[in-house]
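Chain IDs A, B, C, D and E follow the sequence of writing; residue 1 opens each chain.
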Amino acid sequence: MRHLIALCCCLFGLLSFSVYAAESSPQDSLLTELVGAKLKNMTPILEKLANTQGEAILPLFRILLGGDLYYIKADKSLVGQFDEQGNTVYKDVFSQVVVPNLSKKDVKKIRVNNTLRGYLRNAIAQIQLTAKSPELRQSAVRELLSKLDKDTINLIEALYPNEANKKVKEAMGLALSMYAATSIDLVPSNRLVAIERLSTSLEGDVRNTLTKLMKDENPAIVKAASEALENIAQRANRFAFIDQLFFGLSLGSVLLLASIGLAITFGVMGVINMAHGEMIMLGAYTTYVVQLIMPNYIDYSIWVAIPAAFLVSGLMGVLIERLVIRHLHGRPLETLLATFGISLILQQLVRTIFSPLNRQVSTPSWMSGSWEINPVLSLTLNRLYILAFALLVFIALVIILKKTSLGLNVRAVSQNRSMAKAMGVKTNWVDAMTFGLGSGIAGIAGVALSQLTNVGPNLGQAYIIDSFMVVVFGGVGNLLGTLVAAFSLGIATKFLEPTTGAVLAAIIVLVFIILFIQKRPKGLFPQKGRAAE
Amino acid sequence: MSANENTVESFRETFRRDQVWPFLTPAQTKVNVDNQMILYVEDLNLSFDGFKALNNLNLYVNDGELRCLIGANGAGKTTLMDVITGKTQCDSGTVFFGQTHNLLNKDEAAIAQLGIGRKFQKPTVFEEQSVFDNLELSLKTDKGVLPTLFSRLTPTQIDRIDEVLKIVGLAKHRFMLAGALSHGQKQWLEIGMLLAADPRLLLIDEPVAGMTPQETEKTAELLTSLAGERTVIVVEHDMEFVRSIARTVTVLHQGSVLAEGTMDQIQSNRDVIEVYLGESEIAEGEEV
Amino acid sequence: MISINKVDQLYGGTQILWGLDLEIEPGSITCIMGRNGVGKTTLLKAIMGLLPIKSGEITMHGQALNKQSAEKRAYSGIGYVPQGRDIFPMLTVEENLRIGLPVRSKRTKDSPKDIPEKIFELFPVLKDMLHRRGGDLSGGQQQQLAIGRALVLEPTVLILDEPNEGIQPNIVKQIGDVILKLNAEDGLTVILVEQKLGFARRVGKEFRLIEKGRVVASDKMENLDDSLIKQYLAV
Amino acid sequence: ADTIKVGVLHSLSGTMAISETTLKDTVLMMVEEQNKKGGLLGKQLEAIVVDPASNWPLFAEKGRELLTQEKVDVIFGSWTSVSRKSVLPVLEELNGLMFYPVQYEGEESSKNVFYTGAAPNQQAIPAVDYLMNDLDVERFVLAGTDYVYPRTTNKILEAYLKAKGVAAKDIMINYTPFGHSDWQSIVSDIKKFGGEGKKTAVVSTINGDANIPFYKELGNQGISSEDIPVVAFSVGEEELSGLDTKPLVGHLAAWNYFQSVESDANDEFIAKWKAFTKDSNRVTNDPMEATYIGFKMWANAVTDAGTTDVDAVEQAMIGQETPNLTGGIAVMNKNHHLSKPVLIGEIQDDGQFEVVWETDGVVAGDAWSDFLPGSKDLISDWTAPIKCGNYNTKTKTCSGQVY
Amino acid sequence: MTRLTEWFSAGRSSGKHTLPFVVILLTMTLLASAANLFLPADSALYVSTYTITLLGKYLCYAMLALAVDIIWGYCGILSLGHGAFFALGGYAMGMYLMRQIGDRGVYGNPLLPDFMVFLDWKELPWFWLGMDHFWFAMLMAVVVPGILAFVFGWLAFRSRVTGVYLSIMTQALTYALLLAFFRNEMGFGGNNGLTDFKEILGFDLQADSTRVSLFMITALLLAVLFVVSQRILSSRFGKVVLAIRDAESRSRFIGYRTDRYKVWLFVYSAVIAGIAGALYVPQVGIINPGEFSPINSIEMVIWVAVGGRGTLIGAIIGAILVNYAKTRFTAIMPDAWLFALGAMFVLVTLYLPKGLMGLYAQMMAKRRPAKTQESEA
């Protein structure tokens, strides 16, 4: 109990000190020590800083953690590098006042490495246990779960009774239980209660703790721990299934995006479009160029890139149709040949313009990271958005083809070109528009893929085979088939992968498709009727 | 227990002493027409996505007969031929060729090899090959892979092709690509292909569509001359033509038989007039 | 209305039409006859613009059609019912009919959202079949659909290539009635290729006989006598 | 001939163009520079560039073309092991000379090839040592692309780790096809594997195009370098230039060279490269340094030998010393492999690596791994009296072929 | 037997270019070979070994194109997976050559190929057994592609998989094999494949005489396969095949079991591809899974299209020409050759719809316009 009181005093002292410290500048001697310190020697300096400065040091730690801490070569004073509307500015670490007239040449970076980052994170968490925002406090507790030492526990214990926020309190309780469960000097019954409490949590650190308890000397503890683990595993398994399903849907959405344009150019128009992949590639490069043009608005760049990519790929598609495909009506196999040639040309074209190297496309901040539902289930945001986006594109396309005359006309043209002409259908226009639409959608797919994979000259090649496979598996000429095929192949692959590995899963899926087509020679959703025979 | 019984049962079934296993029975190609009948079609049903194209259809055709099949557009005439020739699987029913050949479990090629030939409503010929080659391919020969690989035209076969060419009036076009023939010429070529195949049963779907009156007459003669030795089933909407060849006429309606009889009987059948012929048909027919 | 002057046409190396001349009067029903393979279908396709001609001129209302694409000709009011029907097989009956709606709205200046009821009055069977695939219909049903489809365009000239091929007798009669009715009521000009004399005589007002790609006889239908038939139609 | 011909056998199209085009340009730059200095033996150098188009048999064909049609004196070329294996018989048949600048699986030493990239003991083993000693890693994920370099490297590492007392259940091995782009499940598996209480690291031999989606997935699933560091052997500055590195800060790579290392030689090299490519954002990388060292050594060897004759140059090569761009001296050993320093760097948010560890002095490249049963008795020594690429120290024979 | 000779001596109009073509092919081969072996290297007419090897490779590709054309040009089956059969034939030969290395591999293991030694394999997998016998290996080079083609074709043609469905399935087939052969566990050397061959039937693979012999054997086999194929396709079997291409269901209605025809033609074509692969490997010196790549298979189709689909000579000429163009372009303009090649494919499609042979036929037709019609009669 005495301990506790002492600690509380200490804590208040610390707090009041930090209030005071925030006004004046922290000890300069320690700070200058940071400059020019070897990486190995930095931890003790930082520790000292943390101990003496408390919360006041947070800005410094945060900047250092982000790798943005610099010092001015001239006077060895510390500044943070910030990005303000695309301009790099340097601000004083504590007062946040911009230091004018500094350029990159005048400053030098203070390096950090993993060890330091690990330390910083922990230190920040310790300090943040008393932060104002409940979210910060909660994440601080969670951060600390992996390194619960006596001091931390004491701190948490002191804060626990006064914690108002339910979630933070819960997290703190968890930390205390974890500590209690492992304290050998505690009475076993208390430990058992703690273990019981742990069995409701999905935190990885909890599981690690319980796993360690399996080696405990007390058989009752071991039994309880194993029961708790069992409990957790059962719940985790359920989430693992959801996780896998999400992976499958996500892969499916990528397949869908990649193949949906082909479902039009190939499925509806009958052009064996080997340049489809390059249309995707053009879309991805468009995203790159858009980000190049608006480097300070990466978060909005996607919204510009989507229509831009649609236009670029779409216009390229119209161009290809007007120059080449138009002359190949009624000779579907020859379209394979010509579009293969076009795909070679387009690949080399981007190689010439953009170099053969991959280009960097950044992910907007709102698409980065993941949506953490609980400690074992988190869905990555970019994939979540892409999944939604794929469905949206699909629906839009279905509407275009069903509700506008384009859809009807293109089908008529592909079934009987000269009769369509005789019915007043402007076949040239329809062809160009349809090919443009298919290509444009491929371009949009490129925008999405640029968020997941390489933007390089080979991007298209990587997707062309899968795209054809999906369209054919679904049934040529059937958009719904493409949708179902994409998702079922995606899900099948993802459920196979854990047991077979990625390579074998791919092989199994291919063999499955081959065998499936024997059963249904026209794909999942075959075209029916007399004429289809 | 019952599963066990089933196994025993099926074992017994497999080894019944009064029957030989199907694969041991010698391939029968002879058509058994002991009771005069060459084609039995019984209780045939077929629907496409709920649409009943054939509805309890029964049809019996005697050996050597020339039978005309008429009926409204969409009555199921072509579909019936599709079922007989193995193109379409029916939902239920029986189709026998002679007394022994169940056509329903045979594929198109097997049925054709049994001696059932067919002319399609829309003429289909091998467009990229010459008229001559079209006929050569149709000849009645062993159609297995190896025999075909090593076969050569015998003089009799060449004579036969020449004869057919003369009959169908394409002698001048023998080396022309079939694809370049006009619609009517393709009709003739297809009839020629039938003749070359020398089948036992001919199913002829609308042979005179697109032919001039004189050609129609010629076709009528040809078909009449074929009957007797062969059995011919003709589908046609040209009543004049039907009248000129028909002995027995069967009228289909909505997938089943509406009436059957001689031409005169049919022409005076009220139902037939209502759904098919129309009131003024007779008058119009007489005009020419 | 439509006049065809010295039209030559070739398939690859073989000439089919040889300086063919033909005059179609407005409001007439002209029946083009001739043996198989003389070039009737070829002629109709040339009028419709589906086949390029080598030389000569095709005019409608004095305007040259030669340079116009087929779709333009549809807008000018030519409706075409091809030999073999050429239904869009995977489109439903309704969709087959809807294809022509844009042309119709351009031609009639009202913009109909729906298929004119008139079509279903003429061919009631199409109404029952509205949602079935065109390719699934029987031959006769397809033929009716093909005519109905051409009528959606609200054409002033209707070209029919052997419309009775494979059609049941009462419908043949009905088609004849339809042609006569449209001709009488709407003044529709009809160009008809027909082999069956009975039908030709009943419906046609004029005839043109074609032999080896040339028009060899033309007159009023009443004047089509046995000697002409023997000379140009007999085998 | 009045010029000395330098063949360049790098893919300029197809899947490997991404990596190899840079090396072609590097050779061209070196040739240009050498010519400015007056060439070699009083002759100008002439670069002959061909495109084997990432097509492995074409490497043999183009190699033959370079040697017999163009009669080049030396070839700089190849990236993938399979392309090297393809051209190797041609080099040996026609007694050509090739410099191979990429880190590889070892298990080879040809009289006609000089290997200036790292052997496994110059990259993989030090990296794992670093993980175990400095980061206290106890569990390892060996993730690689399914081909011979990762397979072999992982075999060596597995043996090495087990020898160091790592239990089998603490090693997870995973292979993916070339260009694998869907890393969700694997990254999630890694996350799970790493979340079981012991400090875990990923040793990545993932190659080429598959890396970008892999790192993007790592970033998005929030695997930070403090939780589960990834140390890669095939990811350099150039690969990172196609990536937004912010989420990846702190992940590691092991190489013999990093652009960020400060030395005068390196600064000069980088400046020259940027000038040559007319692109101030172009980065340099380890295979470029390997090409640079190879070229310098070859030039010196030709000067020393006074001829471009392959046999003479080959002997003159052994013992050649050239300063590394990162400081220290690279030495060509008797086994045609270099002695080089090994560096471990952490990814920074500017796409560069920060060196966090390096070997004291240089490590000699080992052609035959000591950790594979088939090769532990083999050594390579191209000097008399052994003169053999695969000499068995037990049986005292040059096993297999003798050139 | 007499039937067989009779059959060979038959032959109708379509083969009228056969003899001149075979004569030209073989004469050129002999001349090139002699120029390599007997002329001094500095002679103006000397043909280098590099060229011989290159020509040999072209001829293997020509044989492969022949196989593709037989199935595509004549039967309408667009196989986008013929690379698989080629590669399997190649692997069979590669395995034989690998075994011939014996203890001259770098590890000196007399039984195991090098890649197995360093992956620490203890014994030869069963499918490597017997591959050290030349004739057995050669048998495998035709039997394995043949069986694969049979099984695949039997399944696909019987269930009436046609058109693009079939094409994409063949692509799936070769893609699956590509992935499988990449796996080191398969025992075919993974990504590196099989290489470092020493000798064939005791002859040093690097000797000029061996190279020339391989080249001549390739030419001879190409000629033989060409003639045999020509005969097969101009027989009635060939007409049935054409009939199947143009109207498969019609052919069934006149009594042909089209699936069987297709299966056997597919097998025949696969066997030719296998032979081509087996000849290819010793000449280029390596076989690896890259040969299974779907893009390769697409390229084969393009050779045929460039030469002229449906004419065997066209396929051969197309293969040689496209590959020659590739060789030249990559050397002349290493940075831009793909533009040239791509443009070539586009232009050929647009302006030579029937390929080079179509152009030739057009020119011939122009030269004697009147004669064509009658000459056939």
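Keep in mind that, in the parts below, a contact is a pair of C-beta atoms (placed from the backbone, for glycine too) under 8 Å apart; a residue touches a chain by one contact, two chains touch by 3 or more.
Not measured: the values here are computed from a predicted model.
Trainee: Where each step is a move between two chains that touch, what is the least number of such steps from chain B to chain D?
Mentor: 2
Trainee: Across the interfaces A-C and A-E, which one involves more C-beta pairs in contact?
Mentor: Higher C-beta contact count between the two pairs: A-E.
Trainee: Quick one: point me to the chain whose Cα centre is farthest from that of chain B.
Mentor: D
Trainee: Select the chain whose centre, defined as the mean of its C-alpha atoms, is least distant from the mean of all protein C-alpha atoms.
Mentor: E
Trainee: Just the number, please: Cα centre separation of chain B and chain E in whole Å.
Mentor: Spacing between the chain centres: roughly 44 Å.
Trainee: Counting only Cα atoms for the centres, state how far chain C is from chain E in Å.
Mentor: Computed value for the inter-centroid distance: 52 Å.
Trainee: At what distance in angstrom does the C-alpha mean of chain D lie from that of chain A?
Mentor: Here chain A and chain D have centroids separated by 31 Å.
Trainee: Give the residues of chain A that touch two or more other chains, as numbers and ranges in rising order.
Mentor: 347-348, 461, 503, 506, 528
Trainee: Any chance you could list the residues of chain B touching two or more other chains?
Mentor: none
Trainee: Among all residues of chain C, which ones touch two or more of the remaining chains?
Mentor: 136
Trainee: Which of the residues in chain A end up touching chain C in this complex?
Mentor: On the chain A side, the touching residues are 405, 408-409, 411-412, 415-416, 418-427, 477, 527-532.
Trainee: In their shared complex, at which residues does chain B touch chain C?
Mentor: 48, 51, 70-75, 78, 121-122, 169, 180-185, 188, 206, 209-215, 218, 237-240, 275-278, 280-281, 284-285, 287-288
Trainee: In their complex, what parts of chain C are in touch with chain B?
Mentor: So the residues of chain C in touch with chain B come to 11, 14, 35-37, 41, 83-84, 125, 132, 136-141, 143-144, 162, 165-174, 195-198, 201-202, 229, 233-235.
Trainee: Chain B touches which residues of chain E in the complex?
Mentor: Touch residues, chain E against chain B: 3-4, 6-7, 10, 232, 235-237, 239-240, 242-243, 245-247, 249-258, 260-261, 264, 373, 376-377.
Trainee: Looking at the complex, which residues from chain D come into contact with chain E?
Mentor: Result: residues 12-13, 49-53, 55-58, 60-62, 64-65, 68-69, 80-82, 85-86, 88-90, 93, 107-108, 146-148, 151-152, 155, 177-178, 372-375, 378, 389-390, 392, 397, 399-401 of chain D touch chain E.
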